[in-house]
Structure formats: structure tokens, C-alpha cells
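Below are two complexes that have chain A in common, paired first with chain B and then with chain C.
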Partner chain A sequence: MTTTEILNALPVTTWNHLRVNSAPKEAALPERPETGWGATNTAYELSEGVRCTALLPQECTGLESGLGEAADLSIHTGANFSRFFRAEGESSGITYLRERLDAEHPNAVTHTAIHAKSGSKSTFVQLIQSDAETAGISASLTRIAAEPGAEVTLVQLQLLNPNCKRYNAVSVKAARDAHVRIVRAELGGSVVVAGARALLDRTGGAFDLDAIYYGDGDSILDFNDVAVHTGRDTHSEMHHAGVLADRCRKTLRGTIDFRRGAAHAVGHESEDVLLFSPEVRHRAAPLILCTEENVEGQHAASAGRLDENVLYYLASRGLDPQQAKRLMVDARFAPVLDKIPDEALRDRTRETLERRLEHAQILG
Partner chain B sequence: MSQALLHVRDLKVAVEEKTILDGLNLTIHPGEIHVLMGPNGAGKSTLAAAIMGDPRYTIQGGTIEFDGEDLTDKAADVRARKGIFLSFQAPQEIPGVSLESFLRTALGAVQGKQPKVMAFRRALAEKMELLNMDSAYSERYLNVGFSGGEKKKAEILQLLTLQPKLAMLDETDSGLDVDAVKTVAAGIKAYHNENNALLIITHNAKILEGLDVNYVHVLDDHHIAHTGGPELIEQITTGGFAGILEGEDDHGG
Partner chain C sequence: MADEVKKTQVEDIDRSFYDFRYEVNASFQTDAGLTPEIVKQISEEKNDPEWMREFRLKSLEIYNRTPLPNWGPALDGLNMDGIVTYVRPNTEMQAKWADVPDDIKNTFERLGIPEAERASLAGVGAQYDSEVVYHNVKKEVLEQGVVYTDLESALKSDHAERIKEHFMHLVPPTDHKFAALHGAVWSGGSYVYVPAGVSVEIPLQSYFRLNAPGAGQFEHTLIIVEEGAYLHFIEGCSAPKYNVANLHAGCVEIFVGKNARVRYSTIENWSKNMYNLNTKRAVCEAGGTIEWVSGSFGSHTSCLYPMSVLKGEGARMEFTGITFAGNGQDLDTGAQVIHAAPNTSSHIVTKSIARDGGTSNFRSAVAVTKDAKNSKSAVSCESLMLDDRSRSDTIPVMDIACDRVDVGHEAKIGRISEEAVYYLMSRGLSEEDARALIVGGFAEPIAKELPLEYAVEMNNLIHLEMQGTIG
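Moving on to the complex of A and B:
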């Protein structure tokens, strides 16, 4: 594994001086040490209807993530933990994938593939956490192939300490009437690079991404999410919300790519960012590409400080400035946190977030 | 007469350096219902906003005393916790915060402790029924996608939940159909008792049906230009403000 510098490349490049064409060099994927990444502290629990397979399912190969092919290859070949799953039938349970970085296991470079058989229904939760100090690396490549009519939900909760680096590559392929939902919470780390790319190449395929992020200190957050529509009546929804403080630098690229053949396709994307410092650098590059006429594409963005009118409204109901701020931060995250299917995990995520907000003196 | 709940003395209010109210006096006692009327742009909403503590308005003179305490320089949240409530003409939409969660947080803020969940839910369901609100609205994000009527009902639901000492209703009836006005009026009636008071800003007598109005004030020329009893409502509804305001001077309530 060698250093991969070009990550999260914008599908169509723009002027370099805008600095949105790809992730900054400081966010490059590190080179694998000569001695390898070492042991990982990873585990998984299968739910009914989901089983492990020894080999990478053929259906999951050849898919590119938002981070890009070079990063995918780098994680794939350098992984110190790989796990491949096949989902069959409808399952109401949750398959858990857990990793924890600590002094003895500072790096987890993982390769996961999920092959959802036709008509299956499955939910996966990836929990990525660490001890309080270790400056570790979590790099994961997750490939999802959903066969016709399959429904897959992947919930990614990243609660790393502020010294860690995080790379999160996701690739998705949804067949006819298949529906893949990603819920992504990137709430820790000094460097966070995440990119999901969905290929909707069959009629009725759908992809949802509900993402939240939090950054403070001097952290770098870089996102590149892409929905490629080539099938008829395909649908993508990509919605991001975040809170940024201190001198954090964040770039979000969100691309809906309607290609020839994607008649009646619909794609919506949005971003809602709350800024708690004038030193935050917030960049956004929403793109809607179109080579098919009969489509509906829409993007919406809002960024700024807390709305004075909203703060006054909350004050008129008795909330002091801290309570009002807390409610508004919760409001940004709640729609995504509410999608975490495990109540204990949902509470833990809220607590972690609250501690970070208090530490950054945003709350309390 | 009991001690005044609200005592506004010689109030002067400006927004962006433009004086809206000047020399305004108003006294409200517990148990009273006051109606505030006046031509468009007279400053009715400004008065309610100034009493609530809207930071966009500058108090340039005078005092606002509430329940024996001078609140002139206090922030809106302090005033709300003391028992002042304003039903907004255009309530804010807050995505991500459900109506129920918002009401629970607000009740916790004014009471100083969080209400018990089950008891709160039961009480909320009763109030929503009174207001003909679908219980599903409690799970919806506050005012997001609500129609104009639903937003106003949500304001009255907040009034019934928070039980303030003084409720100011700023054109709560505007944009409501006949049935919705009746429902909102029933909500206001359910709220009112001898220990609290209402200041109702309206152009519409319908919302006042069933309420024992004590005073009607007409705001004009930066201050309360005329005060009378409930008979004024009919006079204004049929004859407008012109006859009433002619040759009038300042009056307190």
C-alpha cells in the first residue's frame, strides 16, 4: 500500500484555485508500514438471514467508491481484516460490524462486501470507535450489491477520538427496484475522508444517503458522494447536515449524474451546515450532470450561524441561549440519529456528540 | 383591585431608529382580557414584541413591569420563564425538532424541571383533542409542512401547555377558516382563568366570541389613543377607527 494522494475527486473538474477538485494533500491515505498494519480489534455479529462467504462475491467487484479506484485498490490489497456477507430472505435483525482502535490495535484497514440476494431485506451497523488517545487509522472499503427488489440499510457510526484518521469508501450497485440506504455519521477524527458512490443502472433502483458530520479544532473533513443514474425511474436522495467549529476545514462534493437512458429519474441533494466560528472553512460543490432530458434534479444548501429569529422564538418559549443552541444542534442531527436502528447505540452516539460539543464549548 | 400583572409606563420603542411607540401606557390585572385594535402599521405587533423582549426592537424609554418586577432590560427567555407568552403571527419552522419534544423542552425550561414523559403525553393528547389536532402532529417537526391553521393551533397548544400568566395573541385568527377560528377560540377559553390574563391583537370579532372582554384599546399615533369596553368592538367592526380616534388623547388600560 503506497500513499494515495488523489482522493474524493470531483467527477468533473473545475478551476484548481477553488480547491474542490479533490481532497487536500494533508488528507492523503497513508502508506502501509513495512511491517503491515498489525492486528485489528474487529468483530461481527450476524443476524438471521445473513451469512459470511469466504470469497469476495463476484457481484461486488468492479464497483468504484466515492474515494476513487486508487484508494479502493489500496484498501482492498492492504486490508488487515476482510469480511464478506450474503443476505437472503427478509431479516428484521441487525448485523453488527465493530472495530475499535487502541494502543495495541491502532489501525483497522477493512474490506467489507455485502451481496443482497433478490428480494432480501437486511440491516448492517458499522461501529467505528477508539480509546481516548491513540492516533490510529480506520480505513474501510464497503461494497454493496443489491439484486432486484433487495433492500439494504447500512448504518455507519464513526465515534473516533480527535487524533485518529478516518477513510470511508463505499460503493453501491442497485439492481431493478432495489433500494440501498446509507446512514453515515462521521463525528470524530482529525482527518475524515468519506465518499459513497452509487450506480443505479436498472429500472427503479434507489439510493438514499443521510449523512451527518461534526468537526472542530484543526480537523479536515472531506466528502465526495455520487449517484450515477443510467436506469429508468431511478431515484437518489443525498442529504447532509453538519456542525463545524474552530478552524475546521470541510469540503463536500455531491454529484447527481443523470446519464443517457435515465428517463424519469429523480435525484435530490441538500446540505445544511451550522457554523460556530468565523475561522471555519466550509466549501461545497453540488453538481447535477445531465445527458438525459427527462429527469428531475434538485439541490438545496444552507450554511450559516444560528438564525436570530429562531433563537428569539425559542427564547420566547423560555429556552435560555444555551438550551436554544443545544436544541438547534440536536435538530441538525436528529433526523439522521433517529434512523439508527439500535436505541442503545443511538443514545451512545448522542452522548459522544454532546461531550464533543461541550468540549468545543459549543454547549455548556 | 388586585396587584397589576403587567404595568407598561411611558414606553418608547424604536426599530432601526424609527420610533414606533411613544408614551404608551397599559395596565393589565390578573383575570382580565384586553383587546388591542388599531389601523395597520399602528404598532400593535411592536407592542407585543416589546413586551416579549424581541431583540430587534429597542426600548428607548419607559418601563415594563411584570408581576411586580421590572423586566425592561431582561431577555426574552427570562420574561418567558416569568410567565409572558406571545403567540406569533408567523411561527418559526424548526426541522429536526418534533412538536412533542419542543413542547417538553419548553415546559421543562419554564418549570425549571423536565416533565414526566407519560403524564406529559397524556396531557398533550387531551389538549390536541380539544384543538382538533391529529395526534400524529406531535411527532412531526415543529411547524414544518403545517398549514397556516395548523401553525396557529400549534401556538395555542403551546399556550395551553406552558400556562403562562400573560398570553399575548398576535392576530392568531388571521388566515383561519370559520371552523378553525372557533377551535382556536375554544382553546383560548380553556386557557383563561382568574389568575391569568390575555392581550389579544385582532381585526376579527369572531375569535372573541365566548370571551368576557374587559377592555378594548385602540392604538394610533404611537400610543393607546382610546380605551373602552367590549362595545367598542362592534363600533369598530361596523364604523372603523375614524369616529373613535377623532380628538382622542392618551389612556391607560
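Moving on to the complex of A and C:
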């Protein structure tokens, strides 16, 4: 790995002084130590209908993540843990991929591929955790190829301690009428770089991204999510919600790219961010690129503090200010938390979030 | 189903209205390309004060060391060595229309400038190539203490010191390569000074016309509006079509005083060989308002993003823009705003239309600094694609460093609704009229911000665009 590669490049660049064209230098992918990344503490648990394959499925290659090809290649070649899955048939179970960073296993550089066969239905949960202290690195490359009619849901829960660095590269390809859903919660780490890129090149392919983030301290959050529509009747929904506190610096790039041939494509994108400190830095670059006439694209973004009128109203209905605040923050995160398919995990994620919000004195 | 609807073919509009031109009859013209000698020559020719001569040479140095932007439209077609920076028409500036030489007069007559002056303007300035050839202001306006003249005369008047204090302070030559170029070779343009408390009820207008082929126009517009005053300034631009690239790298600096209000309207209809790399910027003191109304129709390539610096508490900006790009055009337009004081607000509304292989991009930047508590910003941009050979990108950026803000952004892209066309046709309209009506409706929120004669022109333009398009 090198530290010089450009990460999270904005698909169409703009004024350099705005610093949104790519991730800042401080967020660069760390170089692989000469001795390698060492041992990992990772485990997986297969659900029915999902099995491991020895080789990287051909279908999953040739795709790029939001982080960019160079980062994908570094994670791929440097991985200290790789697992490739093939899903067949409909399954209501969950395949778990767990990693935990601790003093003995500070780094997890993982390469995961999911090949969903035609008509299959599968759910994967990636749980990324750490002990309370270790300044570890979690870098993951997840490549998803969904064959015609397949449905894949990937839930990514990142609950790392505030000393860790996190790199989350996802590439998606959805074939005819395939539907890939990503649920992403990035709730810890001093540096978080995440980017999902979906290629919808066949009729009826769909991609959903529901993402939440939380940043405090001096953390850097950098996102680059892209939906490329080249197939007819393709559909993308990318929705982000976040809370920023302290001196956190966050940049979100979200791009809907309608290319020629994507007739009747629909893409929606939104971001709703709550700012809890006068020292946060919130940057957003929501792009819509279009070379096809027959499309519908929409973007909406809002940023600010909690609406005082709403807080006042809730207070008038008998909620104390803390309860009212909690209700409003919960409402931001609910669309993602509700999509976590495992109740115990949902609770743990909610608890982690609450602990962090309390710690940052947002809730208390 | 909708796919079976035949693609509409949008023809290039009839620009012949603007396409007349006259032989270049210049009294003085610099060689093509840019060297310190040329800059000195321009400075000498203009009888610049010493500080201005130094300013020009310093700007040239900055120009030489500044790279081209690494983002935005391609500027490969622009060969700076081939651009003639300074062309002086063979006339001195006139205050009487009858004294303007015939070819120049005919140009402006055909564009309807004197007519507009008689009808609805307080004052008019007309620039032909690099020099202002005509300037006239109504007596009543002058009596209020308003100064409206060409910048070079103003430099030699008792406003010289004020100009020195403001000239390229808002847009320094270090801003970007073409601002540096402007600093080095600027020529012509207007100076407007509105004293405190004076409200100029009828608009002032400048009209820029580039006649010489392969030339550059680098006019500088400096507007200072003092406390509590009001001004509406209209800028119009056109040029005939030549086969070599022309360059327009003008600069507009607007100083809006406390509680003052300035409205700056532009209708840009340069010919399709023009690189329009114009820089516009306004700074608003407390309670001041800047309103931009911008219509971009012409030029080969445009990079135009007026910036408003909301420096004083409660300052306000509004930007209303429409961009219409056709075959061969790459129009990259938008707005920038910096909220630098508490309780400031900005509102950006734009519409882009792309057709016949043209590119119409919206680019914006909303920055909210730490000090801008309780500021509000709303951005809304809508794009309409008229065929699948065109391109329309929306590239907005928000950069927020303050938590007590309310920032919203909305973007939409789409096509003409077939249902709406079908409905209008069922009510007796032809398909052509139905489409023109819908595009007109799309542009309506912008049109209503334009001065009437421009709104009419824009509507005509849209109708022309939509004519003979059904096939």
C-alpha cells in the first residue's frame, strides 16, 4: 500500500480550494508494514443458501469501489483475510462476518466478494468492532455482483473505538432486475473513509444505500458514494443522515450519474446532518451528472442544528429538553437502525451510538 | 411506450440577428499574444497612472506563473498567443449618439441600444471591442451625484483615489489565471458611483460588443454603491461569429454599502466562438443586498460563477440564473457565496436547459464561516434535458464551519413530461407549441426577474429554439 494514492475522488472535479475533490492527505490509506498486517481476529457464520468459494468469483471482478481502483488494489493484494461467498436460492437467514481489533490483532484488511446467483435472496452483516484502546486499522473491500433477479442486503456496522482508522470500499454490480441494498453505520474511528459505487448497467437494476455516520473529537469522515446508471429503468436511492460534534471534519460526496441508455432511470439522493458544535466542518458535494434525457434525478440536503421550534413544541407536550433532543436524534438514525435485521445487534448499535452521544454531551 | 415518441430534433437557433459584422477599422491594435512589451504598450496608449502600469506588469507576472484551472470546461481551443488583447476602435468616446462612427453606430442601432435608452434607461455605456465608444447619462441622475462613466476617464477624475482603493481588491489578480490576465490587459468598462441615500430609479446599462476577430475583451466594471443607496445595472454582451476563438475575460466588482441594494442583470449572448471567462464579485456591508439576474445563452465556453461576499451582519444575496446550451456549447455557470457575518442569507435559484449536443452545467459553492451565526442559505437548481445527446451536470458544494445555520439544497433533473405535452395537444395545441409552452413555463421564474425587454427577448429565443423541432 502507498500513502500517495488519491482516495474518494469526486467524479467531476470543482474548485480546489473547497477541498472536496478527494479525501484529505490525513485520511490516506496507511502503507502496509514490511512484516505484513499480522494476524486478524475475524470469523464468519454462513446462513443456509450461502457457501464459500475458494476463488474470487469472476463476476465480482472488474468493478471499482467509491474509494477508487488504487485503494481497491491495495486492499485486495494486502488483505490478511479474504472470503468469497456464493448465494443460491432464497434464504431468510443472515451470514455474519465479524472482525474485532485488539492489541494482538490490531489490523484487519479484508477482502470479501459476494456472488448472488440468479433469483437468490441473501443477507450479510459485517460487524466491525474493537477493544476500547487499540489504534487499529480496519480496511475492507467488499465486492457484490448480483445476477438477474437476485436480492442482496449488506449491513455494515462499524463500532470501532475512537483511535482506529477505517477504510470501507464497496463495489456493486446489479444485473437485470437485481436489487442490492447497503445499510451502513459508521459510528467510530478517528479516520473513516467509505465509498460505495454501484454500476446499474442492466434493465431494472436497483441500488439502495442507507447510511448514517457519527463523528466527534478531531475525527475525519470522508464519503464517496456513486450510482452509475447505464441500463434502462434502473433505480438508485442513496440517503445519508449524520451527527457531527466537536471538531469533526466531514465530507460527503454523493453522485448520481445518468449515462446514455439509462432511459426511465430514477435516482434520489439526500443528506440530513445535525451539527452540534461551532467547530465542526461539514462539507457536501451532491452531484447529478446527466447525459440522458429521459430520467428523473433529485437531490435534497439540509444541515443545521435541531429545529428549536420543534424542540419547543415537544417541550410543550411534556418532554424535557433531553428527551426531546433524543427523540429528534433517534429520528435521524431510525431509518438505518430499523433495517438492522438482528435485534441484538440493533440494540448494541443503538447503545454504542447513545454512549457516544452522551460522551460528546449531546445527550446526557 | 414513451420511448416510441419520436425524438425531437432541436435546430440551432437563428443567430443571424447578432451575426452582422463590420470590417475591423482600428486605429491601434496590439500584436497577437502577450508580452511585457504589449502590456506596456497598452498602458502607454491609455496614459495609465504609474500605479496602474505597475499593477498591469505585476498581473502579467502572476498570469505567467498561474496554471490553467484543472477542473471545469476544456479550454484547449483557446490559444492565448493568438488572441489580440487590445483593439481600439477608430474613434474617441462620444456623448452624442450622432457622433459615433456609422459602422459602430449601426451595430448598436441594430441591437436596439439607443432605442432602449430612450425608452427605459437612466444611462447607457457602449463598448466596442476594447474601448467605450459611447456614454450618456440622464441629467436628473447626474444631479443626484451619480457618476456613470467609462473607467478610464474616471481614473483621471477626482474619483481616481477611490478607484485605486477598490480596483481589483475584490478580485485580486491572484484569484485565477484569467483574473491575472484581466489585471494585465484590462481595457474599457464602466465606473458607477452612487452616493449614500440615492436611489437610481431607472436602470443603467452597459452594452459590450466585440467586433474584431480573434480579439479579447477585458472590460472592467467597478460599481460602488454607498450606504442606503439603490442601483439596477444591466449588462448585455454580443459578438458576431468568426472562425477563430475570441476571449472575454472581463471583471465586475461591486461594493454594496450598508443597507444598500444593487441588482445586477446580465444577458449574455456572445457568439459561439467566444470563451467567456468572466469574473464577477460583490461584497455586501451590513444590511446590504446584492441581487444577480443572469441569463447565459451564447458563447462557445462559459465559466461564470458570480461570487457574493456577505461581509456585514444581515447582508443578503439572491441569485437567479438561466443557462441555455446548444450544439457545440459548454456552458458552466452557477454562483458562489461566502457567509462571513451573522444573520446573512443567500438564495440561489437556477434553471439549465441542454439541447442538441450542448452542455449546460450548474456549479455552485456555499461557504459558511465560523462567524456566520444564524445564517440561512437555500439553493435550488433544476435542469431540463431536451435530447439524449446533450449533457447537464449539477455540481454544488457546501462548506459549513458553523453550527447555528440553516442550509438547504435541492436539485432536480428531468425531461419534458410527455403527459403534459399530450394534455396540451388534447386541448388543441400543436406539439411544437406545447413543448415551447412547457419550456417557457420552466424558464418563467427566471424570466419574471428580467427587465421586460429582456424577458421578451428570452421568450422569443426559447420559441426560436423550439421551432421546427418536431420530427
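Just so we're on the same page, the second predicted complex is superposed on the first by the 362 of 364 C-alpha atoms of A that agree within 3 Å, B and C clash if a C-alpha of one lies under 4 Å from a C-alpha of the other, contacts with A are read in each partner's own complex, and residues count from 1 in each chain.
Basically, contacts are C-beta pairs under 8 Å (C-beta built on N, C-alpha and C of every residue); 3 or more make two chains touch, one makes a residue touch a chain.
Treat the numbers as computed from the prediction; the structure is a model and nothing was measured.
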* Asked: Will chain C clash with chain B on chain A after the two structures are superposed, or do they fit?
  -> fit
* To do: Based on the superposed arrangement, let me know which partner A:58 touches: chain B (first), chain C (second), both, or neither?
  => neither
* Asked: Is A:316 touching the first partner chain B, the second partner chain C, both, or neither of them?
  -> first
* Asked: Counting only touches as set out at the top, which of chain B and chain C does A:327 meet: first, second, both, neither?
  -> first
* Tell me which partner A:260 touches in the superposition: chain B (first), chain C (second), both or neither. => second
* Asked: Should A:296 be classified as contacting the first partner (chain B), the second (chain C), both, or neither?
  -> second
* To do: Counting touched residues of chain A, say whether chain B or chain C comes out ahead.
  => C
* Asked: Does the superposition put A:35 against chain B (first), chain C (second), both, or neither?
  -> neither
* May I ask you to decide whether A:335 touches chain B, chain C, both, or neither, giving the answer as first, second, both or neither? => first
* Asked: In the superposed arrangement, which partner chain does A:283 touch: chain B (first), chain C (second), both, or neither?
  -> second
* Asked: Who does A:308 touch here: chain B (first), chain C (second), both, or neither?
  -> first
* Asked: What is the angle, as a multiple of 10 degrees, that the CA centres of chain B and chain C span when seen from the CA centre of chain A?
  -> 80
* If you've got the overlay open, could you tell me the nearest Cα approach between chain B and chain C in whole angstrom? => 16
* **Touching both chain B and chain C, residues of chain A** => none
* Structure fact -> Within their complex, chain B touches chain A through residues 52-56, 75-77, 80-81, 85-86, 88, 91-92, 94-97, 102, 105-106, 109-110, 158, 162
* In their complex, what parts of chain C are in touch with chain A? -> 2-3, 70-72, 363, 365, 367, 370, 373, 383, 385-388, 390-415
* Asked: Once bound in the complex, which stretches of chain A touch chain C?
  -> 12-16, 18-21, 258, 260, 263-264, 275-305
* Asked: Any idea which chain A residues touch chain B in the complex?
  -> 307-310, 312-321, 323-324, 327-328, 330-335
